[in-house]
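Here come two complexes built around chain A, the first alongside chain B, the second alongside chain C.
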Partner chain A sequence: MADKLWFLIPEIWLFVGVVVVSVMGLSRRKMFRDLLPLVVCVFLVGAFIITPLLYSEQRISAAGLLMPMLGKYVKMLVCAIGVILTMLSVGLIDRDLEASMSAGRTRFDPIRVNRGEYFSFFMLSIIGVMLVCNANDLIWLFLALELTSLPTYIMVAISRPSRKAQEAAVKYFFLGAMSAAMFLYGFALLYGATGEIELTKLRDVFAAQAAAGGLNRVAIVGLILTVMGISFKMAVVPMHFYAADVYEGAASPVTAFLAFVPKTAGAVALILILSTVGWSGHYGNGAHGLPREILTALWIMAVLTMTLGNIGALLQRSAKRMLAYSSIAHSGYILIGLIAGPPHGLNAVLFYLLAYGVMNTAAFAVLASFERKGEEIESLADLAGLRHRYPVMAVAMALAAGSLIGFPPLLGFAGKLYLFIAGVDAGHIALIVIAGVNSAISAFYYLWLVGLPILAQSTPQSETVVARPVVWPRVAAIVTAIGVVILPLFAQSLLKASQAVTVERETTALDVTVAPDQPEQPTSP
Partner chain B sequence: MSMLMLAVDLDAYIPIGLLVVMAIVFAAANLLMSHVMGPRREGPIKGSTYESGMDPIGSARKRFNVRFYILAMTFLVFDVEIIFLYPWAVTFAKLAPQSDEAALFLGRIMFFIATSIIAYVYAWRKGVFRWD
Partner chain C sequence: MSLVPLMILPLLGAIGVAVFPGRRAKWIALGVSTATFLYSVVLAMAFDHWHDGGFAFASDPPVGWLDEFGITLNMGADSVSMFLVLLTTLLMPLCIWGSFTAIRERIKEYFAWMLGIEAAMIGVFIARDLIFFYVCFEFTLIPMYFLIAIWGSTNRAKACIKFFLFTFTGSMVALAGFLYIAWQHAALPGGEWTFDIARLTTFAATGLSATEQAWVLLALMTGFAVKVPLFPVHTWLPLAHTEAPTAGSVILAAVLLKLGTYGLFRFVLPMVPEAVVEYAPVIAVISIIGILYAGLICWVQEDIKRLIAYSSVSHLGFCVLGLFALNPLGVQGSVLYMINHGLSTGALFFLVGMIYERYHTREMSKLGGLAKRMPVWAFFMVFFVLASVGLPGLNGFISEFLCLIGAFTASADNAAYPGVLGPWYAAAAALGMIIAAMYLLIMTGKVVFGPLKEPAATNNSHGAKLPADLTFREIGVLVPLAVLCLYIGFQPKPLTDALEGPITQVLAVYPETVRQHLAENAPAIDELDRVILTMTETDSDRNKGADDG
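Up next, the complex of A and B:
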């Protein structure tokens, strides 16, 4: 146990940050309240620097985690994207209240300011994702997933002073609670079927059951419920219903957060859960060891997610709803990597999470940079002719959208390429063909995002759109847009970083192949 | 084989099943016995709501100030803290005095208490105890 605590130092550090931020947010001095995003960034950068220092060979082998190296990659990724997301949130919360307090119309009242709470929840949600990586039993996994989600419900509600945001938060909360109940029920069945809650022991029991003729039926039901419940976090069909409404209702910076942080948590949790049943070929039926039922379920979910996501996006006239559906479609692409399995599939998933995090945040950052009379812009028409007045932002939007299509040589292309290669390697040709067709469909609506800002003429409506007074969302958009162009050059080394995760897993997978040869393993309590 | 495993697994639920049956029987038997054997004296005072000895005034279906809710949340902070302090105290007494382990234990609980104190300060600053 104590060996595992070493890996929690970044989380504890961030938790200290949560405490500092929540108290600082109640300061009477405006200067302290305005410093909050900077403090969040300092803590995130600190966690980013601490994380790689903790992963020594000795601690990794002592920790007894299912995939010990997963944490290093994912934590660093989440902290890095977290800094960008913090930039987006500058000046978002309490905007009107702060303005009226500066003008002396309102007195400072601690109960009415929300900025400290917003950034606290922001960091708590990030801590949740980091804890998911360290999960070594089902209870920990459940708590970590909920820690990721619960703060986001409140973030949606306080993100902007409109009824839409509150409606979105309530929808998100109830559907989120349902999904939590679903995968908790799945976990209970997994425990019932194996008598274990530790992931490494679950894996051994499943290996023994598979060697003895197939997984327990109860375990299969549990796995399917778990996968369905967790897929809510990733907005995978059939658990995608909330995405469009919630993403539209929340303010753009929070939407960018929702599209990345819970999705990463879901993907990591699925990697862990699927690792217990294993992809390695010793389960009989075919080259892919995922139980046939799970494989079929994932396959259908991937196809539906890609197709419904892209077709849904085609029909939208609101840029935010369009990006919401596009994020559903991208979850479908991520599922391809999960179906393909280690090593290439999982590497591709982890790399794609990075690519998706950068390019999707770039697109939302551009939306978050503009407003009309203090209201954020939503419709596509607002972007028309952006290049006349804000050429840099227009180019940033075009790059982000081009990367989301998967246009070479941008970052999204590298991400999709690795995913598709992994899929073909694993023999899922039909799935890759469907994914290819979907990429073509997606080009149609993403090209609106390229064409409107760059090629179209301004309209009287789009002339009224102005940049937000704070500069940081624009900085974030520029940084991520540069990332979309520059990062493909480092794609090889980034992929290598993600490969470290599965290298470790292959050594642990060896124990699984050995397990059936050992004398008589107990299969049930 | 898998059917067999299912059967084996359901065996493990027999204790739970027994527990459920016992709970139902116990509750039903108690209700039945007090209904059959208990003395019965009824009247308007006997039928009134029990409020810890006070005479009930007015209806219970009225609105309470939302502050009670926030106050209850603040109470929870300390409630949870005590839940963790008990096992800590029992274990701490068994550790060797002045040892490194004891120092580590003390440090951890101090960190924990510090976080709940900060939660208290936060609530105070937020105006939870202001009763204007």
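Up next, the complex of A and C:
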């Protein structure tokens, strides 16, 4: 047990950060309150540095986790993207209040300042994702997932002083509670079907069941409910309904956070849950793949998610809603990797999360960099002719959109290519063709994000858009845009990093691994 | 010698153009593209596989990108690649020089994109890795998208989006086809992931079943047919051509369309021979429809540029027809066509651009008798129209003729290279030559000869201070193209000889495959014959009976 604690050091370190930040946020001195984002960054960078140091061979084997190395990659990933997301949030919270305090119109009131709380919740949610990677039983997994989600409800509500944000938060909260109930019920069924809550033991029981002629029906129902519930975090159809409204209602920096952090938590949780079932041993003929029922469910979800996400995005006139639907579509691509499974699928998911985190944050960072009369910009038309006044931002937006299309040689292409290869490798040709057609559909609307800032002329409406007074969102946009261009050059080493982490611990019960290179397997349900 | 500088030079040039002040941009771009051209000439001289069809300048050691899947950045060139690279590097300085006065805004960006597209196009021709090929193939879209979208004419927004979406959709499907081949290769016992073109080609030709080949053919054709473009998916081209700036149209016609036919030559023919034999008649019919249909559309065009754009659709139909003749004559004609079409149609777009710069119109009804005002221009116009029509002695003739001869002799009774087409296909396509002569000559007659007609007071309103006739610079752009047209027209032998090696390799499997295909389908014909025979016999028996009675 003590060995497991070693892996919690980054979380503990960040939790110290949460306390520091929430106390600092109550400081009377404006300087301290303004330093909050910097403190958050320091803690995140600290966690980033600590994490790889902890993963020694001996601790890994002693920890008894299902995928002991998973945390190394995911924790470093969320910390790195977290730093970028922190930059976006600079100057977002309490903007009017701070302005009137420094003008002397209002006195400092610890009840009314929210900045400390915001950044504490921000870090708590990131801690949640990190804990998901360490989860080795269903209870822990549930708590970690909820720790990821609960702070985000509040972050949405306090992100901007508008009714929309509060409406979004309430919607998000109720639907989130429903999804939590759903996967909790799924967990209960899993426990009922197997008598275990530890993931490693679940895997052994499932392996025994599969070898004895198939999984328990109750377990199948439980798994599907679990998958559905968790897919809420990833905004997968049919659990996607909240996405557009919530993403639109929250302030852009929070939207960027929602589009990445809970999604990563969901994807990692799904990796863990599906790994207990395994991608082998369910078919007598030696073919590998998930159990047929789960495969069918995931296959349909993937197709619907890609297609509805892209078509939904096509119909939008608001940039934020469009990116919301596009993030739904990207969840669909991620599902391909989950369907494909080892040897490439899970790594492809992790690699895609990195690519998606960088490019999607880049797009939101550009949106978050601008405002009109203190209100953030939403509609696509506001971006028209951005190049005339902010050429660098326009290029950053174009790069982010090009990468989201999956256009070579940008980062998104490398991610998508890996996912597609993984899908093809597992024999899901039809799925890949559908994904390819979807990429083509997505080019339709992403081209607006390229065309409007770079090609269109300014309109009277778009000329009233100005950069936010803080420079950090723009820095974040530039950094991520450069990442979109540069990171493909290091795709090899990033891939290697993602591959190292999905290694499962040896099974203790009977060995159920099947030769992976069998071409005959169901291509569609 | 290495092929890397061919891509690095233009890329560095593009960065240089973007960094240095705007006034120098065009000169830097011209210098860099000329240097690239000179380098490619030096490479051509050092190239020692002109006759055996081998690959030279291979990356050694291989440059990896994603080792996990055997994705590399390997390069290499055979004589087909060399010719197309030379065509590209020759045209780029001309395009850049040709747009010195036409481009008045966002100059730096323009020349940066020009150099960017040069690097990508060269990359397509020298890639020896499928993914590398695909990356370059796709990347050509981006500069072209911006060239049309920023410097195009009035309807540019629609044109660039249509262009992008058509091509992008097509190539996504082609990518799926490529991945399928690579996966099948990896799924072999002891197989591994690789995207090496040579290995996958060898594998696909023998390792895939007929059904698989048919699907792969469909996927690859979807990608390349859009780019060529073939008949039902050609609609993006007239729009893109008409709206693009002059140099953009030249690049589009001369090189970008060739990416499609090059893809057919490099991948479709050698990778899926069985399916090609099975479906060659279908593809040939589609190309012939394209030849005739686009030709008829040309006939009724009022806009000169749009006319030449449609003529590209028609001409590339010949090119595809020649490829699917599956014999050396046809394929030689087809590859030669890629080069010739680049020279003559490229030049025609330049000529139209020169008129547009002076008169700001491309309407045939508003122009006429320009030979009186611009004798030098008129000379070149007539020259390139004749080259494009296929006048013997100029370059167009030889390639068109070879394509048709190829299709004509591609019948079952050809001993060396039996084919699945035949005289009827050639006859139908030859109608296209007649139509081409009509529309191009009618256009020339209207615009170049007859009473002088020019839009009033538009000359030089652009501020470009262009003289009535061509300037030294404009003549300089046209002369190299004209000289090459003439040279190839009189001396095609060195080119066809050099093309023989790679073409023989590509066609190596075909005679056997075609014979098998014919043998498999022969019994069905025999069956029919026998039925007819029995029927006639019964008839004659009955008649005999009647006679007896």
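Keep this in mind: the second predicted complex is superposed on the first by the 496 of 525 C-alpha atoms of A that agree within 3 Å, B and C clash if a C-alpha of one lies under 4 Å from a C-alpha of the other, contacts with A are read in each partner's own complex, and residues count from 1 in each chain.
In the analysis below, a residue touches a chain if its C-beta (ideal position, glycine included) is under 8 Å from a C-beta of that chain, and two chains touch if they have at least 3 such contacts.
Small disclaimer: the values here were computed from a predicted structure and weren't measured.
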Chain B to chain A touching residues, read off their complex: 1-3, 5-6, 8-9, 12-13, 115, 118, 121-122, 125-127
Touching residues on chain C, where the partner in the complex is chain A: 64-69, 131, 134-135, 138-139, 141-142, 146, 149-150, 157, 161, 164-165, 168-169, 172-173, 175-176, 179-180, 182-184, 186-187, 189, 191, 193
Contact set on chain A toward chain B in their complex: 19, 22-23, 26, 109-111, 192-193, 195, 209, 212-218, 523-525
Parts of chain A lying in touch with chain C, wherever the complex brings them together: 402, 405, 407-409, 413-414, 417-418, 420-421, 424-425, 429, 432-433, 436-437, 439-440, 443-444, 447, 451, 454-455, 491-492, 495-496, 499, 517, 519
